[in-house]
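Shared between the two complexes below is chain A, which pairs with chain B and chain C, respectively.
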Partner chain A sequence: MLEIKDLHATVDGKEILKGLTLSVGAGEVHAIMGPNGSGKSTLSYVLSGREGYAVTGGSVTFNGADLMEMEPEERARAGIFLAFQYPVEIAGVSMTNFLQTAVNAHRRARGEEELDPLAFVKFARAQARELGVKDDLLKRPVNMGFSGGEKKRNEILQMAMLQPSLGILDETDSGLDIDALKVVSDGVNRLRRADRSFLVITHYQRLLNHIVPDFVHILAHGRIVRSGGRELAEELEKSGYAGLVEAA
Partner chain B sequence: MTAVPTPLHGGDARPDSLVLVDTARPLMEAYRLARDTLPGARHPTLMQARDRAMARFAQAGLPSRRDEAWKYTDLKRLAKLVPRITAGDQPPPADLDDTLAVADESLHAMVFVDGRFRADLSFLGSLPDGVTVRPLCEVLDEDAGALAALLNGDAAARDGLEWAALALITDGAVVDLAESAELESPLRLVYLFSQRDAPVLAAPHLAVRAGANSTVTVVEHWAGPAAGDAVILPTQSIALGDGARVRLYRHQEGGDGALHVARGDVHVARDTSFETFALTTGGGLVRNEMRVAIDGPGVDVHLGGVYLGNGDRHVDTTTLVQHAAPDGVSRQVFRGVLDDCAHGVFQGRVGVARDAQRTDGHQLSNALLLSPKAEMDAKPELEIFADDVKCSHGATTGDIDHNALFYLRARGIDEAVARGLLIEAFIGEAMADISDEGVAEAFADAARSWWHTHTQAQTAAA
Partner chain C sequence: MPAVEETVRQVAETANQKYKYGFVTDIEQERAPKGLSEDTVRFISAKKGEPEWLLEWRLQAYRAWLEMPEPDWAPLTFKPIDYQQYHYYAAPKSDADKPQSLDEVDPKLLETYEKLGIPLREQEMLAGVAVDAVFDSVSVATTFKKTLHDAGVIFCSISEAVREHPDLVRKYLGSVVPYHDNKHACLNSAVFTDGSFVYIPEGVRCPMELSTYFRINELNTGQFERTLIVADKGAYVSYLEGCTAPMRDENQLHAAVVELVAHDDAEIKYSTVQNWYPGDENGKGGIYNFVTKRGICEGRNSKISWTQVETGSAITWKYPSCILKGDNSVGEFYSVAITNNYQQADTGTKMIHIGRNTKSRIISKGISAGKSDNTYRGLVRILPGADGAKNYTQCDSLLIGDQCGAHTVPYIENRNRSATVEHEATTSRVSEDQLFYCRQRGIGEEEALTLIVNGFCREVLQVLPMEFAVEAQKLVGISLEGSVG
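And then the complex of A and B:
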């Protein structure tokens, strides 16, 4: 599904990813763990196509297509969803307007008929209920005045509505208390499917107690320095990054 | 034929040795040619007043960028045009029905072509008691003095172009409301332009005299011209009696050939409520100038506007709110979106006289520049002589929020659509001040349609 080969990327002329290689198969959950500054967020932004991240080498293919050739919105419609570490507040744009525009952009891309406002609101409410999100959230401007937990839940709600084939969770656990973490993880687990993969980017192991990965990779200095099963996360919890990164 | 105030082709110079400024020539000539066809032409006193106003223009010429009030707006383009006043008798454009489609069954609409009233295209329906709406030409037939106060004003108070606009008044609408009279559905004023080889010159006037506790909403729609040049010099005189409520909305659209300099003078008395909002989506050079004199205590004045500029269009908003009485609230919110090489100007001035205690005056100008070549000049000013006041002003100019843009695109929304959403949100904060729901909706649609047309043109050009 996702093939990253020897990926090099720079931000402001500084090389952050230095030959990252990773293969994610359909339905797999991969955790990317790494210390601060290892390139975790850069990886998520490079995959989602954010401006200012220049790919200087290597390749990324997604379901056979060259991902780096696509605009951010094309990547999204092709099935990549980035759950933001810091969801952006947008004054004056209602959640409903935003989500309806997004959902219909995806439907158009799939050749499906667009949802009219009534059908959309029905759909959105059902999704919100399923994830335990209050539907008054849909009436508010995007992320405006949302608590940290609400913002992250809102990301998962959007993921549920857009039905991606690859969900990238960028430090979704940051700033969440244990209850919110549980709600968010439950939401993600509910979305797990045989044809949907996840890239869970995190600093801490605790998220992986809730979203159990199939594979764990340690990212350091812009490269994957170790890969293994979920036991690798536990090892990391005991020994810390220092031991693992230096050993590599 | 009565004497024209100044010689146009040399020869018979007048004894008072008027200095004719070069930039005045084209408008003087247009006046000379059309003078005897203007409303009230058969009243010598009125025509003498017009002549005097034109003479003042001849002396002053067009304002230049050396004049403080015109520092950011260059009228050089106007000086190059040789416009003509028409009889306004051309057949209306085929899409007139579309223009009026905004209206419903309770329609009161006056239609002007090239600034001349067209009875055949207008329908005023039945107006409630105490409300009269008449074309200026008809009013002048009965009362030649109707424009006297306007044309005999203080010479120093106006610049040359405004004197020309008054001397040239091609027709207009006169709205009178008796005490407590109320016009429920908005009065629509539709200004159309004919397509001609020579630029059209139109200078319609709007007079609103709102009696005590009366209520009226006026919506001006300036449609065009889509192609060709036009010099449009509207003037307004608006007076609100005690407790009156007046809302005045304006939408300017049309091609880049339109040069539109509008002047409004508003006097508000005790406990009045005055709201005005201008949406500018077209015109090559536009200046909306509004001066509000707060003469009575306890007023609530809202001035607002949204201007959307692309190409090399220029949109200037100039306001002067003068608080002369206590306990007045004035609020100004203007927002602009400028793309390509468009140029925006905001000059806002709030004056608070010594007796205007407890004045609450706010003024805000925000512009979004979508291109590195777009430009914005903002000059908010406060002049306060009272000591117990709450006044603020602010001006910001910025780029679109790139984090927000990426967030929307990362959800599969096309860049142009995402920008459109952000722009709509940005101007929405100014639009929120429009209290008439129908107008708010129509203006939001017009703004969306501007963005749609603009981005399509950009895509086609790319």
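And then the complex of A and C:
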């Protein structure tokens, strides 16, 4: 479903990804682990098409399409969802308005009728209930005054509503206490499906106790230095990055 | 709310269109000869069958106009106006026998309104809005007359008011904006052709929103609308004004005057969505919009509230103001001004505190894109007798791109120690983070910008009447097309 081959990318002229190769099949959950500065967030931004992240080599195909040729919104509509490490605040725009605009953009792209405001609110409330998110969050301006936990839960709610085929979780565990972490993880687990894959980007193993991956990859110096099953994460927990990265 | 849905549908249909109102309806016009002179003034007055006192007033205004220099405080750049190149009077020919109902209205006119997204019939049925529609200079249809008549409300064209209610017109015309107020107001007073007149009698709450759609249609016709709204003691009225204009190359002059009078305990809410043709992306063409709008809170506890969404015109020069004369009176100014390409806007308000415990509130949101310049210019003046006066001003500017300008020019003159004057101002840019966040959710770049800008303007848009708010949000999007990417 997602094929990354020998990907090189630079930020401000500095090469951050240096030949990253990764293959993600349908329904698989891959954890990308790595120390600070290894290129984890760069990977998520390159995949989602953020400006300023220049691809200098290699290729990325997503369901057969050349992802790097697509605008960020086209990638999103094609099924890529990025749960942000730092969700962005937008003053004066209610979550309902924001999400309705997003959902209808996806529907238009699929050639479907747009949802009218009433139908949308019904849909949004049902999704929120499913994930244990309070209704009133939908009335508040996008991420404004949200607690850390609320912001991350809100990301998962958005993912639930946009129903991507690939969910990228960029350090979703950062800044969460253990209870919030559990709520967010439960939300993600509910969204796991045979035709939906996840890239779980994290520094710490603890998230993987809740979202159990099929594969674990260690990212260091801009490339994947080791891959394995979930036991690799446990090994990492014991020996730390230093040992593993050095060994590679 | 079917009317809202109708509007929403129209919004969807207009998405991604360039200036959609760019067309000219082909209807024969009866025109005054080009140019401005005493003869022109006499021609207009005679055409309208006006009384002697009004002709005299117009002539005084014309003579004052000859003497007066152009206002020069706004840093606007444009070629000097050649007043002799304009026609000062144009009326649809069918005016001679005026239609008594919509059925009698020229179908071409109705078609024009439908292209504009203002289906009169639907509005009549669904929205509960009475429309005194101005096509060029002469009113062609007034709806809901009966309901208003039963409530004792007078809502008609100013020409009709001159004929039917001469005492009221004579008493109030020029009482807030005198004919010699400024050069543009002089011109308007001399050659105004039509506009609206509203009188709400004592204790009456106007049973519906009153709405007038203005539209310039004839080539080279300057538009000089005159609006006069009087709310007697304890009365309330909400008045909506919206404009669209067809696309053309020649600059058009528009110099309207609006006067509001609120007596004791009365309230007037005046909302505008202004979408005159702004010129093309190279700055060619577009309307010059030089407007004098002023209201007086004459009585105790009266209130005047101006709300404007200014997206159009090549040049906007406009300062809807409040004279807070009655004790405890309140003035409000809520403004969104958007400029794109080569548009220039110099807009703001004046709050003149005369009475005791008078309050004013100013919320201004300026959005600049392209190579445009957007200035907020506001005066808060507290006179010595205005004990306990309070003002709060908030001016926020949003920049899109790096070739536009945003300026905030507040003037504060306080001559009373017990007064409180607050001023807050911010300038920000649409952030890359916000745009990317929206786009990652599948929202296209221009739609994302519209969303973010509408959020920035929310405090102002939310005080607009519902139907107008939807229209305004749509305009925000249309106005900013081509400003990103």
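Worth pointing out:
FYI, the second predicted complex is superposed on the first by the 248 of 248 C-alpha atoms of A that agree within 3 Å, B and C clash if a C-alpha of one lies under 4 Å from a C-alpha of the other, contacts with A are read in each partner's own complex, and residues count from 1 in each chain.
Everything that follows uses one rule, which is that contacts are C-beta pairs under 8 Å (C-beta built on N, C-alpha and C of every residue); 3 or more make two chains touch, one makes a residue touch a chain.
As the structure is a prediction and not an experimental result, all values here were calculated from the model.
Once chain A of one complex is fitted onto chain A of the other, the partner contacts of A:Ala105 extend to both chain B and chain C.
With both structures placed on the common chain, the touch criterion links A:Gly58 to neither chain B nor chain C. Of the two partner chains, neither chain B nor chain C is touched by A:Gly27.
Legend: residue contacts after superposition of the two complexes on their common chain; A:Gly149 is shown touching neither chain B nor chain C. By the document's definition of touching, of the two partners only chain C reaches A:Glu114; chain B does not. Once chain A of one complex is fitted onto chain A of the other, the partner contacts of A:Ala91 extend to both chain B and chain C.
Once the two complexes are laid over each other on the shared chain, residue contacts for A:Gln158 go to chain B and to chain C alike.
Common to the chain B and chain C interfaces on chain A are residues 48-51, 71-73, 76-77, 81-82, 84, 87-88, 90-93, 97-98, 101-102, 105-106, 109, 141-142, 158, 162. Those residues of chain A whose C-beta lies close enough to touch chain C in the complex are 48-51, 71-73, 75-77, 81-82, 84, 87-88, 90-93, 97-99, 101-102, 105-106, 109, 114, 116, 141-142, 158, 162.
Interface of chain B with chain A (complex): residues 401-404, 406-415, 417-418, 421-422, 424-426, 428-429.
Per the touch definition, chain C reaches chain A in the complex via residues 5, 8, 12, 431-434, 436-445, 447, 451-452, 454-459. Those residues of chain A lying in contact with chain B across their complex are 48-51, 71-73, 76-77, 81-82, 84, 87-88, 90-93, 97-98, 101-102, 105-106, 109, 141-142, 158, 162.
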